[in-house]
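There are two complexes below, and they share chain A, which is joined by chain B in the first and by chain C in the second.
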Partner chain A sequence: MIRWLARLRDIDRRWLYLATAVALAVPFVARGRIAMPPTEPFMVTRRLFDAIEACPPDKVVLIDSSWNMGSQAENEAQLECVVRHLCRRRVRFVVISVGVTELGPEFARQVIEPIAAEAGRQYGTDWVNLGYVQAGGDIKVLIEALCRDLHAVRPTDVHDTPVAQLPLMRSVRSINDAHLLFSVTYSPTADWISLVKGQFGTPVAFGCMTIMSPYYHTFIESGQLSGMLVGNWGAAEYERLTQARGKGTERIAFATYGNCAILAAILLGNLGLWAARRTRGRTR
Partner chain B sequence: MRRQIVWLITFAGGLFFLLEFLLPAKAPAWLGGFDNPLTRCRRGVSDFLIVVGTMAFLLGPINLVRAHFETLRRKAAGRAESIVFLAALAVGFLAMALRETPAKRIAAAAQKVLIEGLLPGFFNSSMALLAFYLVSSAYRAFRVNGLDSGLMMGSAAIVLLAQVPLGDWMTYALPDALQLRSLAQWILMVPNTSVQRAVLIGACGGAFAAGMRQWLGIGRRE
Partner chain C sequence: MTEALRTLAESLTPENLAALVSAAATLIVFSYLVKDNPLYRLALQAALGAAVGIGVFIAWRDVLRPKWWQPIQGAFAAGRPPADPFQLLEAVTAGRVACPKWWAAALAAFPESRPWTDALWLLALVPGSLWYFQLSKKWFWLSTLITGLFIGVSAGLAFKSQILLILPQIGASLKPIVPFAGPGGLTWASTLDCLNHLLFLVGMMTTLLYFFFSLRTESRFLRGSMRIGRLMIMATLGAMFASTVMTRMAYLLERLGFLCDKWLAPR
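Up next, the complex of A and B:
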């Protein structure tokens, strides 16, 4: 038995790949959702929810939606749940894609348009998509310029309509007109914190990939970050807070099976190592 | 001479931002209470930086084209990839160049094929492959060989489980402090935060030193 277990130490990687494929295929085939447990959401998710709930009617939420197919698996659900909450609360919002991917505005549009239409929110009055802004050499410079004067950085929206003609943008000129900045991307730049929060005093929240989240907990602890959605789990928790069911709740099943596959691999590797050590000890 | 000019521009740029930051927004009343004159110029300087930064974007494609042409010229390994790269670059470039000409429909179609057809597929495939590598590397790397690797593996397992509903279902009946989510939150907020800060402080010290060397031109070859 021990010798058989010792063979687990050197499993051919192709078996691991096959096991991963099977584990990730289960939610596709079963088409079942994993029920959310009756626990309090993570503090970081709750804080973002509370920040949006506290948005006064004369302010907007500025959303930096800078993701594409590379991080769609997690960022899409995050943007979806926040936009749904904003539409339900009738909070106006401005979307922009800053310096990461020129496909950002199109991906954002695909998420926002159906939700806004369903909630009866009008483009130009209740929400605006300003499109993509090239960062050039230094994203700090661009962020600062955006904070000071949105109209100067983006004179037209994604449809090439001059922003001055959009009713919403007449009351939104700088970051001071925003209640919150929500940056949703693979790994949001910390420059949002140092400039938007540090220099202009507007709260900042992030939506990031799960693997990038440990870095941002530093800013949560210091109070510089007003909330964060961590991967699909954050989106699923947010959906529970807003009593909506969306892509977060749907996709957390894939993350669950994926994480289980990783844990099983760790367990097998260590079992094999332990057994191999025992075998060596016996033969000595 | 060229180096001196580059250094002079770097020094002037650094000095501008340093003084703009250090000088108060308003001069004291006994000096006339005027606004910081550098702040007024800041926007122009920032625009200049954006323009220069955008120019730097050309360097990437130029270097890539040179490298791939070199691969083709030397008939080295990876020629097929070089051909794909150069063809995609040429099609993308032409599609952008022709979009305001009578051939704009062809240009739009070519761009659509590249950006909406091929790129998402390549991107999604490469990201999806990460899942397989992740499982394989977890199997090989997380071996408990001692206390430190044991701690690392234990923390990883707790955080992994707490980020999916399974972890909550396993422990939600336990007291708050013993629930996986509480443990994961503690790991992320206390040990993780301390380590991140330590790394950040070290990195910032390094960046400051590198910045000073660059700004003052220390260690440059004359």
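Up next, the complex of A and C:
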């Protein structure tokens, strides 16, 4: 028995891949019958929700949507739930993609347009997509310029319409016209915190991949970040707060099955290691 | 046969074709999990090529064309004789435009000179092209001029940025650990808060201590503290590893969702 257990240590990794894939395939088959576990939303998610709820009517939310297929797995659900909330609360928002990926505006458009159309929000008056801005040598230069004069940094929107012709942009010139900056990307740059929050005093919130979240928790503790969505879990919690069901809830519920497979693999691997050590002890 | 071909041709809409190519690319990339193969490497190179191509196109469409090429083009297409630069200088020296913002003010004083001044964007080619001297051994030193400029600007901004980032962190590290010192006196909430702060303090101090390599570690207290610091680091790394697993799982789920919803059974 012990020798058989010791063989668990040497399972071919391809079996583990297959087991994970099978575990993740289960929820796709049983779709619709899987619910989000009822948990109290994490403090960082609630803070972002509260920040958007507190947005005054004369201000906008500036969204830096700088993600593409590389981080679509988590950033898509984050942008979706925040935009849905903004549309429901009738908060106006400006979307821009700063420095990370040229495909940012297109991916943002695919998420925002259906939600805005469903909520009856008009492009140009309720929301604007300013497109991509290249960072060049240093993203700090770009962020500072953007905070001072959005029109100078991005004279036209993503459709080549001069920003001065867009009704929403007539009341939005600098970061002082924004209530909150929400940066959603794989790993938002800390320069948003130091410049937007530190220098100009506008609150900043992030939507990041789960892998990057431990780094940003220190900024939550110090009050430099006004909220954060951590991967699909953050998006699912936000959907719970807004009483909507979207990609975040679905993906995190499905991921539970994969996580169970990983936990089982860790347990089996450790059992194999323990058994191998015992076998070695006996043969000595 | 002809009917079947016609049905096939009709079903090949751009959306279906895109889904088919994406699904094939996904499956090819997944094939690496079984074994490295030429198809996987081909997909990798294609992805890199496409990313570079898109990057160059967008950089031209969104940055270079509207901010550099179109102003220059406008300046030459205007068909006006260039404004006299001496006239501009005269206006400045005569005090009709104020210094130190003389350049902007001078331009405002001569609106008709605007198209001509846009042609000055051509000068951006000079510092911009300096970057390419990195490719020459003989003229490499020329590229150091522009690199130096960029490093200087970046260093200055980084200094400011780091101060604005780190100083609030230091301030936030100073937390009260005496439960009855607060305005509400001794309560359950203040006690729990202070315990939390104490845990934070122990974690921070012991972790910092772990990185003091110049300390002599004969002291049992010091060794114990460093061990706690190491445990704290290990717990952090554990949390980071779990985050990594969650992210990778999300990647896999997104692709599986694509294969199921958009390729196998489009809704």
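The working rule: the second predicted complex is superposed on the first by the 280 of 284 C-alpha atoms of A that agree within 3 Å, B and C clash if a C-alpha of one lies under 4 Å from a C-alpha of the other, contacts with A are read in each partner's own complex, and residues count from 1 in each chain.
By definition in this document, a residue touches a chain if its C-beta (ideal position, glycine included) is under 8 Å from a C-beta of that chain, and two chains touch if they have at least 3 such contacts.
Fair warning: this is a prediction, and the values are worked out from it, not measured in the lab.
Colleague: In the overlay, answer first, second, both or neither for which of chain B and chain C A:L268 touches.
Modeller: Touch status of A:L268: first partner only.
Colleague: What is the contact status of A:A145 with respect to chain B (first) and chain C (second): first, second, both, or neither?
Modeller: Touch partner of A:A145: chain B, not chain C.
Colleague: Would you check which partner chain A:S194 touches, where first means chain B only, second means chain C only, and both and neither mean what they say?
Modeller: After superposing on A, A:S194 lies in contact with chain C but is clear of chain B.
Colleague: Touch test for A:I11: chain B only (first), chain C only (second), both, or neither?
Modeller: Touch status of A:I11: first partner only.
Colleague: Check whether A:Y132 is in contact with chain B, with chain C, with both or with neither, and answer first, second, both or neither.
Modeller: The answer is second: A:Y132 touches chain C but not chain B.
Colleague: Answer with first, second, both or neither: which of chain B and chain C does A:C260 touch in the superposed model?
Modeller: It touches chain B, and chain C stays clear.
Colleague: Going by the contact rule set out at the top, does A:T210 touch chain B (first), chain C (second), both, or neither?
Modeller: both
Colleague: Does chain B (first) or chain C (second) touch A:R278, or do both, or does neither?
Modeller: neither
Colleague: On the A-aligned overlay, A:R251 touches which partner chain: chain B = first, chain C = second, or both, or neither?
Modeller: Only chain C is touched by A:R251; chain B is not.
Colleague: Could you tell me which stretches of chain A are touched by chain B in one complex and by chain C in the other?
Modeller: The answer is residues 17, 20-21, 24, 72-73, 103, 134, 137-138, 141, 144, 210, 213-214, 218, 221, 231, 233, 255, 258-259, 262 of chain A.
Colleague: In the complex, go through chain C and note every residue touching chain A.
Modeller: Touch list, chain C to chain A: 33-34, 54-55, 57-59, 62-63, 66-67, 150, 153-154, 157-158, 160-165, 168-169, 171-172, 236, 239-240, 243-247, 249-254, 256-257, 260.
Colleague: Per the contact definition, I'd like the list of chain B residues that touch chain A in the complex.
Modeller: So the residues of chain B in touch with chain A come to 43, 46-47, 49-54, 56-57, 115, 119-120, 123-124, 127, 131-132, 134-136, 138-140, 142-145, 153, 156-157, 160-161, 163-166, 168-169, 172, 179, 181, 185, 188-189, 192-193, 196-197, 200.
Colleague: Inside the complex, what are the residues of chain A that reach chain B?
Modeller: 11, 13, 16-17, 19-21, 24, 34-39, 42-43, 68-73, 103, 134-138, 141-142, 144-145, 148, 210, 213-215, 217-218, 220-221, 230-231, 233, 236, 252, 255-256, 258-263, 265-266, 268-270, 273
Colleague: Report the residues of chain A in contact with chain C in the complex, numbered from low to high.
Modeller: 14, 17, 20-21, 24-25, 28, 72-74, 76, 102-103, 131-134, 137-138, 140-141, 144, 155-156, 160, 190-191, 193-195, 198-199, 209-214, 218-219, 221-224, 231-233, 251, 254-255, 258-259, 262
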